[in-house]
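Pasting a structure here, questions to come.
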Amino acid sequence: MTAHSAPTATVLYDIPGPHTRKRHRLYGILATFLILALIGWIVYLLFDTDQFTAAKWTPFEYKGIQELLLRGLGNTLKAFAYAAVLSLVLGAFLAVGRLSDHRPVRWVATVLVEFFRAMPVLVMIFFIFVALKVQPLPALVAGLTLYNGSVLAEVFRTGINSVERGQHEAAYALGLRKTQVTTFVLAPQAIRAMLPTIISQLVVALKDTSLGYLITYEEFLHAGKLIASNLDYDLPFIPVVMVISPIYIGMCMLLSWFATWVARRQRRNPKTEAVGVGPAQPGTLMRGGR
Amino acid sequence: MRTRKALTACAGLLLAVLAAACGKDGSPPVKGPKADQLPVYQVDKGFELPDSRTWRNAKKRGYLRVGAKEDQPYLGEKDPATGVYSGFDIEIARMMSASLGFDPKTIRFKTIASANRETALQNGQIDYYVGTYTINDMRKKLVGFAGPYYMAGQGLLVRTDEDDIHGPQDLAGKTVCSAAGSTPYQRIAADYPKAKLVSYDTYSICVDNLLTFQVDVVTTDDAILLGFAAKAPDEMKVVGKPFSEEPYGIGVPRSDNALRFALNDALEANEKNGNWKKAFDATLGLSGAPAPKPPPIDRYPAN
Amino acid sequence: MDVLTDNFSLYGKGFLGTLELTVYASILALVLGFVMASFRVAPVGSLRVLGTVWVTVLRNTPLTLLFFAVLLGLPRFGLVLPFNVFAVIALGCYTSAFICEVLRSGINTVPTGQGEAARSLGMTFGQSLGAIVLPQAFRSVIPPVGSTLIALAKNSAIAGAFSVTELLGTYKTLNELGYSIIWTFVWIAVGYLIITLAISALFHVMEKRWGVAR
């Protein structure tokens, strides 16, 4: 899992003996050397192509530019907040639809979920933006909501279906109706168990807010592009990437890390014992990517 | 391990925020029209245009919403730091605003990419659009045009060390960049099929690609290209004669003929009283081009 | 309806563009993902760090930002390549991080006892890897690799905004030509469905053929 795994045998290797350890150390030194050389070469290229000149970096010293970037970051977070809340709501609705006892409702929900998961999210955003003539922010939020809501619907449904049968049998035996069983017994356990997966999906939503750049929504990347393509600042493209990508990656990593943290806590939590899913399990057809 | 990584990320974010909290006031210096050299337009306070829905809505709102370009130096350019728009197109928009009875200072500009102009006018995101918008019959089916207020022509922008390209006839085999869905793009595609065409939403990325050798030529209206060349004269030049006529109009919602006629009158008045020339000299004129004679206004009938 | 028949060659070009992007980027992603996965399980510390950093950074990078950085950034280092090559690099590197994680968890599904048994029979590292571990890991990674490649096909739509010829980008021309925008998008959607369903079917067949029953 991490760089310092305990000295146990894996499926690939036995516990290395003294000779092998020596050999590994040699490989390690060689590999480190190669990696450092690669990094050095990249740094050399950066200097060689004048990416660290004053003209390219001074714009960042000004309040106006910093505020522009912060405004963009704010817009990114705003789109993310809307999309996250709405996707959770839509996901819940669609999951309820898919678990319905009525065949037409189930059928409609299934078609919606499958369709929105199969479409590239960008195609939906462009469709809403261009064909339905919607403003950039609502178009972006709507596209993200449809896609992530459908994926979350599947997450919710899998979660509810994987709660141990005994739980709902017991609840029915107590005389609860189906709605009560779902809301009081199944959903709380399922959501707790699926929380890491839900958060990971929200990371996807956060990353995809950057698609707003393509429909002229004035988010973080758009702010970066405005600075990067300005001839007065000597096209500080690489500096802009160096400034904005750590912030983007940092935000997403923070959220991903939160998902792992929740997952690790869940494993020790007795409240999720009745749910038969390992948290953060990749599985449904469309997961990955995005 | 993971925790430590996350902590590092936290610290990095904190540093970024801290760094952002302290900075020089104002914005980096820019080349471009200086605010104090721009003409002042007299606001026609008593102006009324009850026949125009757009105007009535704007009156109720108290200000005009104008669509523009944000990345065309000396025409329609937005200072990334201050958010202030400047350039010749912007001056035309301000001129029109004053004539319609709205203080030009109150205009809310909105950046609309070339491909989305008709949509923005059709769904009322903006009241009118001033941004290198070529009048043609196909667009007249979708939107209305006041003007033209300027006659541009398609030109070619190349790197200064380029000696092989003198006109559109030399484009065969060259990579040519233009804005997606624009008139110049379609002309190259139709008339010079041997050129390799690429497109972006905005010209600034094309120019960026030109300077990084990804493309050989940027083509669009000479006015736009002159603005770019004026910003980096050591690296780029405009070559050849214009090979088309691009009358720039003010886009208005198609059904709003009253607004269109009012803008035509306002344009004519401003061309007569010298405001037009002043606006040109303070913006596009800075790139060294002398003020031309404004083209005659096309008052096509309502339909 | 006539949007498709009138502009068949345009749609065809876009469709082929998307297909090409998908195929080449998939190959790159699989190769890079395999290399990174082997780094991540390697007994050499610095390679493990490299693999971990690669995966963590790329998985948390918005793809639009990566496209932005690769398509507009790499040319600054004097690297002049066709646009679709850059797009393949961006898409392939991005997806390789996901492929890497899929492959790594695939290797982890093989019980340790399998490797121990192989080694106790005297198999060399290469033999146990080639004959015991990878075949079993391969079976369990077929479905997740399939979904990752479907995601890749869908992600390729972003390339259209960076002047690469692909399916979504065709809407711009058709919009300008005045065709019904709804139908334009319907046919674009159909195009993507064809590609994603084809990948889905391919992996379904592969799973039927080689997958493990669990």
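A, B and C label the chains in the order they appear, each numbered from 1.
Quick note on the criterion: a residue touches a chain if its C-beta (ideal position, glycine included) is under 8 Å from a C-beta of that chain, and two chains touch if they have at least 3 such contacts.
None of the values given here were measured: they were computed from a predicted structure.
Asker: Just grab the chain with the largest centre-to-centre distance to chain C, centres being mean Cα coordinates.
Answerer: For chain C, the chain whose C-alpha mean is farthest off is B.
Asker: Which two chains have the most contacts between them?
Answerer: After counting contacts between each pair of chains, the winner is A-C.
Asker: Can you compute the centre-to-centre distance for chain A and chain B, using the mean CA position of each chain? Integer Å is fine.
Answerer: The answer is 37 Å.
Asker: With chain centres defined as C-alpha means, what is the inter-centre distance between chain B and chain C in Å?
Answerer: Centres of chain B and chain C (C-alpha means) sit 39 Å apart.
Asker: Which whole number of Å gives the spacing of the CA centres of chain A and chain C?
Answerer: It comes to 17 Å between the two C-alpha centres.
Asker: Indicate the residues of chain A shared as contacts by at least two other chains.
Answerer: 2-3, 130, 214, 225, 228, 237, 253
Asker: If I count partner chains per residue in chain B, which residues reach a count of at least 2?
Answerer: Within chain B, the residues that touch at least two other chains are 5, 201, 205, 208.
Asker: Mark out which residues of chain C touch at least two other chains, giving numbers and ranges.
Answerer: Counting only residues that touch two or more other chains, chain C contributes 56, 72, 76, 78, 161, 175.
Asker: Mind listing the chain B positions that touch chain A in their complex?
Answerer: 1-3, 5-6, 9-10, 12-13, 16, 20, 23-32, 70-71, 73, 78-83, 111-113, 116, 119, 122-123, 125, 201-202, 204-205, 207-208, 211, 228, 231-232
Asker: What residues of chain A sit close enough to touch chain C in their complex?
Answerer: Going through chain A, the ones touching chain C are 2-3, 9-14, 16, 20, 24, 27-28, 31-32, 35, 45, 49, 51, 118-123, 126-127, 130-131, 203, 207-211, 213-214, 221, 224-225, 228, 237-238, 241, 244-245, 248-249, 252-253, 256, 282-290.
Asker: Please give the residue numbers of chain B that touch chain C in the complex, ascending.
Answerer: Interface residues on chain B, with respect to chain C: 5, 115, 138, 141, 177, 180-181, 186, 198-201, 205, 208-209, 212-214.
Asker: Quick check on the complex: what are the chain C residues that touch chain B?
Answerer: 56, 72, 75-76, 78, 80, 83, 161-163, 169, 172-173, 175-176, 178
Asker: Which stretch or stretches of chain A touch chain B in the complex?
Answerer: 2-4, 58-70, 130, 133, 135, 214, 216, 223, 225-233, 235, 237, 246-247, 250-251, 253-254, 257, 260-261
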